[in-house]
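Order of writing sets the labels: A, B, C, D and E. Residues in every chain begin at 1.
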């Protein structure tokens, strides 16, 4: 039971040992990363399959609320499985620059698994810090001026964000006197005043930097445009989801039905408007996908701000769908960089790439048979369910945003199939690796298309469990288990 | 211009032989009577005589009581009024208009210029004898005959039609070679009108012995083909 | 059932003949009135008949193709069929089987047929004439349709036979003209415009486009158009009589009414020069449409 | 129109050497000049005296002197005096230069004169057939062309006593019926 | 395995075969064969058209707790018949010589057949939808499938396709919003739940639902404010594709309106709702939208100089008739509206095919560069003649019957201004269809078209079959009125009592058999009279009256440009393209907004703004 902690420890250890192994034998160091990720997958999957009810692990023998405790319920374990899988998919197999990027990726893996699993607010903050450090390194890995400038800007905003998050956590600590999420949940009454709300706002703005929430996502287009497509896929696809999950955890536990929800809703709506509108005018593919991911994350935020199970369900559906589609689209930009007008006739040079582009675009817009439509349908029914005029406004904006999204995505698609003219680039051919990655994601999308009903029920079950506040509190406080380091199954 | 050409055209055309069964004759008389009582006049003012026609049509002399209406296009008209001197350029258009009319058609030459060239007799540019170029039914002399004279002429034409003496339009088909010869003399050998007179003569069985001659041979060499656009699948 | 079919077939054959004869006299009356207005003697009694027999008696004539022939056949045939829908004293024909709206559309078949025939003459004068004729039709058909709506709504049915029956039931007071005077005036205006006589004669303008559609019509083609003219006058006046003047109780009063109705536009016609197409549209869309709408407003409540 | 203007005109015209001016009346001035001085005169008049209007070029065939006389009728709206410039051109080569570049309407007059008199104008834009499109004989208005003779050769004449005329004469000739008997209808 | 399953299965099979076999040369014939198979299975379900009961599909799944099921009733059978019929005509036309020429010019006939088959499958799914969710899924599939058909031609066609898809997505989102509101009211997407709760809805809900659905479905039908995309998009599609789209694609919007507004919400509610400050009820407003979308597109069609665009604009105009007929709510009007869907499909497909035949031979559809083709392409002329008589709604053809029904209901229900508006539409149609046939087939034949022959048999047969249908259903409208009657019953409207010839009633009846036979009797009399005269000699087109002028072939003696000069002189100034201005202003608003939005991301001092925002919120929260 206690080896889930390995999921965090192992990658960190591997990250630090990598330079040593590299000096030993370069070939061996290449194998370390994938091996560690496979192990992480194995452990997390083992837990995810056998768990019936959420389990709280008190690390280091100290019972919560004093000690650090991990909260393992289906949602966090699901994320724990997804993280290594995505990293395996986006691992730099053909990497020649040496081990630094691999080490950072392993660091990223460890930090994100920690953030997904941990049940302690400060612990989440620490892992979040580790995560942003790793993402700075990765974002700057293209070693050119634009990348450095973008990463620097990202650094400034992220630093400021962490300061805010810390003040937020401090405020919560002054109010409730504890940092354990479950304990905070128990004392939620004390946070139900202005200070509590301000604390939540600060944490949202703080952690929101990575979750591309409206005011703090100034860095997104520059970083995604200049970073390697694999890195921006990771950042946009995976890391932003973890940040959102952290906020949602706090929301479910402490601020269940306060007007924190409307704060999230407003930020989500603004995110959608800003994201979709600026994507409409974007000139090159990478920036367009960056803005579109801001818009999509705005939608995810709006979905999570729906009170109760329906909100969690809709949010999870939108999140997982975006996690599947966006990395694939980013991978396509590997050979399709440069302005969109240079892409005219690119479909002739890489027909499979264009077909995949259209598949993912249709699913993103929400054309019926594709899972994107079902996610959007859940969200729409959820928004209507919460009969409050602000939610109806959100529904309206969501629908108009879809129209704008359809406009610029189909404009690109038609541009691809238009006859090639003089300013279309000649090197629009896709590499075999990138095509294989995005087609793998495409296959997953199509499988989920056919098996939509079972997936829907499983997701509903996860959402129900995750949004159950009382279950969270008493699993952590009442029957936390002490993991004996000795018993390793 | 040998005089022999002249007498080949009998000047006062003999009446057509009566048809055998009486009913056909009654029908022919009726049609001839209606033809005489309803004449559509193509108001082709080629020269100064045309100024006499409006008074003939309006209230004082009122041609309509005789059944004569002015019409605009040759397709609808029966009478072609040549009112005045016919210059060679105008003669080309007059011949085209004449050939575009549906027969039985009648030509009335008003003013002495059509009879013998009138006061322009020694001009190089005018045609002297109209009936060399097309069969003329009636001349109304006078250097602009008064409306009474015009009406009198038209009445004489009505009488001629009623008792079947106004068949000169058949002359044009039966003696087409003679007329074509005169026309080619004036306009040169590659003179051609869009209407296919020889084809028409064949269709309506009006081919006389003199229809084809050396002038029509010249015409056939020069003529650009003008077969009608047949509907074909 | 069988003899009623035979009866209707007999009526359908007889009505066009009656229409042709009455139409001839209507044409004669029109030309006589025109002559009298211009202080002329005017044509003899059977002049329209002479013209038609002479035109059909023509020995050579030209045609521009099969569609040119079919155009004239449709023009004459369309009106022959339209006559069968116009009830006359003693004969109802198939008026009960197709109402007022069918008649209005059947009167468009001849103009479409003529338009096709003239189209194949391949003469721009004809095409310009036809484009002006169709524009004039667009112009005068709007008040005509409003009048039809008013009458049909007032009598509650589009069946001409029942319209005439209701009018004759109450005598003069029941006539359309006494119950809907404004509509009657608008109807007269529309009738006049639909005849295509002097002020609205832009599509036959002899000076500018050489009698428009009739430019290439000689011999039996022009004869067909003269026959169509007789039918046109007859249909217009009989329709007006059956809508507003209570239809025909017996032939004498019926003919008097028809000739009186036709005399009015003819008298007006020969005193006016021609309107240009756009002025014609402006005039017909302004006054008759206003009158007709006013009439319908009265009918509606 | 007053004498001051005509005085200044005379002074102006003296610039063309060899010009003889005769005042037919107050509004008409005739100028006889040599053939090669004409363009200079026209340019001078147009430039300095407001003679913007070349109303006509007429041609006279002096067959005895074996010369054509060309008369250029010029009109000015300021002085409103009609100047007609007369020049003489030899008949047999029959070639003169065109003034089309000074007065554009000259093209038509020159084309007409070429067709009627056979006088060729070098530099005139169009010297093709103008009115007599069917005529391919000699220029008809030259005096050495005898129109009547040509007509006698090419045309035949109406026979003045054909038998149908005799037939009418037996019926008393000319108008036989009186006017009122011919009135057909009431 | 109900009949519906076999139908959908064959349709799916067609899609797969045409999709995989695009390289095969005779793919067209395979597609035609399979479409005939679909037609046969549909006819086997024929008893639906004569009052049979509903056929349910055996497959149906429930996704995320919402049941999805498919069923066919008389209404969907009627629409399905038209869909498969026009698709069959289109693909048969494209299968033969047209396809070979299209391939030689670089087009891909296999792709065209594939997209037609895909459209048919999508439409069959939409027509069979058993609940609102499957309706919406079918709706989205149809709009995306028709996008594929529109962008095949590439070049400008993809621009128009792009513009179409923005309109279509906006429409779909409006429908989604409507569905969401219904879900909020009834908690499920089933038809009968909505029908149950409909009477209890308050006015605001009814108005929002109607407007949303009319906005959503109206875009596909090309109702007035949203009609800009249709003409260009349909005209640029390759030949048979236009015929299919023009005939049925925009009628899917009408089907959806029928199902949702008339069948479920019920039109009676719409009549009671008064619009403030105006004497119009909501239904009257919708009828006026339909009436205006009859007139304006027809008079825009009048000015077009491209044959395909002229016909496409008429497609929009005729859609207004169907809506007006259905909104009158009396058996005549609704029967007229439904029958007009069938009639319009037949003659619009025939007209588009004949125009494609002309393009096949002369390589141009510009009306000012055609003329005099009647002597060279008589069959296409005959098809276009029957088509335009149908489109103009003149007696012998079926267009007249449906327009007569609509007019009669407008007269008896006493709606004068609507009646006049629709008649103005008809008159405008007559003018512009004559311009179409005159500029293409009549007038002087051009030199370069002297050696043109009639199109091959594989193209004339579909055209002639369609025009035969137009004539037969005009002569005996009873055939179609049976289907229309059972569709009315399926919609829950009173059925129209009709005979084979037409309609019997005291307030004015129509018997097309009598009217047509008298008309042909009249033509016989006219022919008798005509051929009693002497024989007429056929003359060349240059043997024409031109005021004495000798016509030569190099001067074209033909009038076709600015055809209705007099009319245009009068109403020319009314064409100001106000809708185009509206659309472009909307686009500029969006682009300026997006410019503003991007400003935030290009600014260099995010941290400062962030700090300011935070201190402000802190002061607000804690202070």
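Basically, a residue touches a chain if its C-beta (ideal position, glycine included) is under 8 Å from a C-beta of that chain, and two chains touch if they have at least 3 such contacts.
These figures come from a predicted structure and were not determined experimentally.
Student: Within the chain touch network, how many edges lie on the shortest path between chain B and chain C?
Tutor: Minimal hop count between chain B and chain C: 1.
Student: Nearest chain to the global Cα centroid?
Tutor: Chain nearest the overall C-alpha centroid, as shown: E.
Student: Which chain maximises the distance between its CA centroid and that of chain B?
Tutor: Computed centres place A farthest from chain B.
Student: Between C-E and A-E, flag the pair that has more C-beta pairs in contact.
Tutor: The comparison resolves to C-E.
Student: Which chain maximises the distance between its CA centroid and that of chain C?
Tutor: If we average the C-alpha coordinates per chain, A ends up farthest from chain C.
Student: On a C-alpha centroid basis, what's the spacing between chain A and chain B, in Å?
Tutor: 100
Student: From the mean C-alpha coordinate of chain B to that of chain E, what's the distance rounded to whole Å?
Tutor: Computed value for the inter-centroid distance: 58 Å.
Student: Find the geometric centre of each of chain B and chain D from their Cα atoms only, then give the gap between the two centres in Å, rounded to an integer.
Tutor: 37
Student: With centres defined as the mean C-alpha position, give me the chain D-chain E separation in Å.
Tutor: So the centre of chain D lies 71 Å away from the centre of chain E.
Student: Which chain B residues sit where two or more other chains touch them?
Tutor: If we look for residues of chain B contacting two or more partner chains, we find 65, 73, 75, 92, 100, 200, 204, 228-229, 231.
Student: Where in chain A do residues touch at least two different other chains?
Tutor: Where chain A is concerned, no single residue meets two or more other chains.
Student: Send over the residues of chain C in touch with two or more other chains.
Tutor: Residues 41, 44, 57-62, 64-65, 210, 215-216, 219 of chain C touch two or more partner chains.
Student: Touching chain E in the complex: which residues of chain A?
Tutor: Going through chain A, the ones touching chain E are 153, 156-157, 160, 164, 194-195, 197-198, 201-202, 205, 215-216, 218-222, 273-274, 277-282, 291, 362, 365, 367-369, 373-374, 377-378, 380-381, 383-385, 387, 395-396, 399-400, 402-404, 406-407, 410-411, 414, 417-419, 452-453, 456, 460.
Student: What residues on chain E touch chain C, complex-wise?
Tutor: Against chain C, chain E makes touches at 372, 374-375, 381, 385, 389, 392-395, 400, 404, 407-408, 411-412, 414, 416, 419-420, 423-424, 427-428, 430-431, 434-435, 437-438, 441-445, 501, 506-511, 514-515, 518-527, 529-530, 532-534, 536-539, 541, 543-547, 557-560, 563-567, 569-570.
Student: Okay, in this complex, where on chain E does chain A touch?
Tutor: Per the touch definition, chain E meets chain A at residues 61-64, 133, 136-137, 140-141, 144, 147, 151, 154-155, 158, 161-162, 165-166, 169-170, 173-174, 176-177, 179-181, 183-184, 590-591, 593-598, 600-601, 603, 606-607, 609-611, 613-614, 617-618, 621-622.
Student: State the interface residues of chain B toward chain E in the complex, per the touch definition above.
Tutor: 73-75, 92-94, 96-97, 100, 193-196, 199-200, 203-204, 226-233
Student: Per the contact definition, I'd like the list of chain B residues that touch chain C in the complex.
Tutor: Its residues touching chain C are 30-31, 33-35, 37-39, 58-59, 62, 64-65, 67, 69, 71-73, 75-76, 78, 100-104, 200, 204, 228-229, 231.
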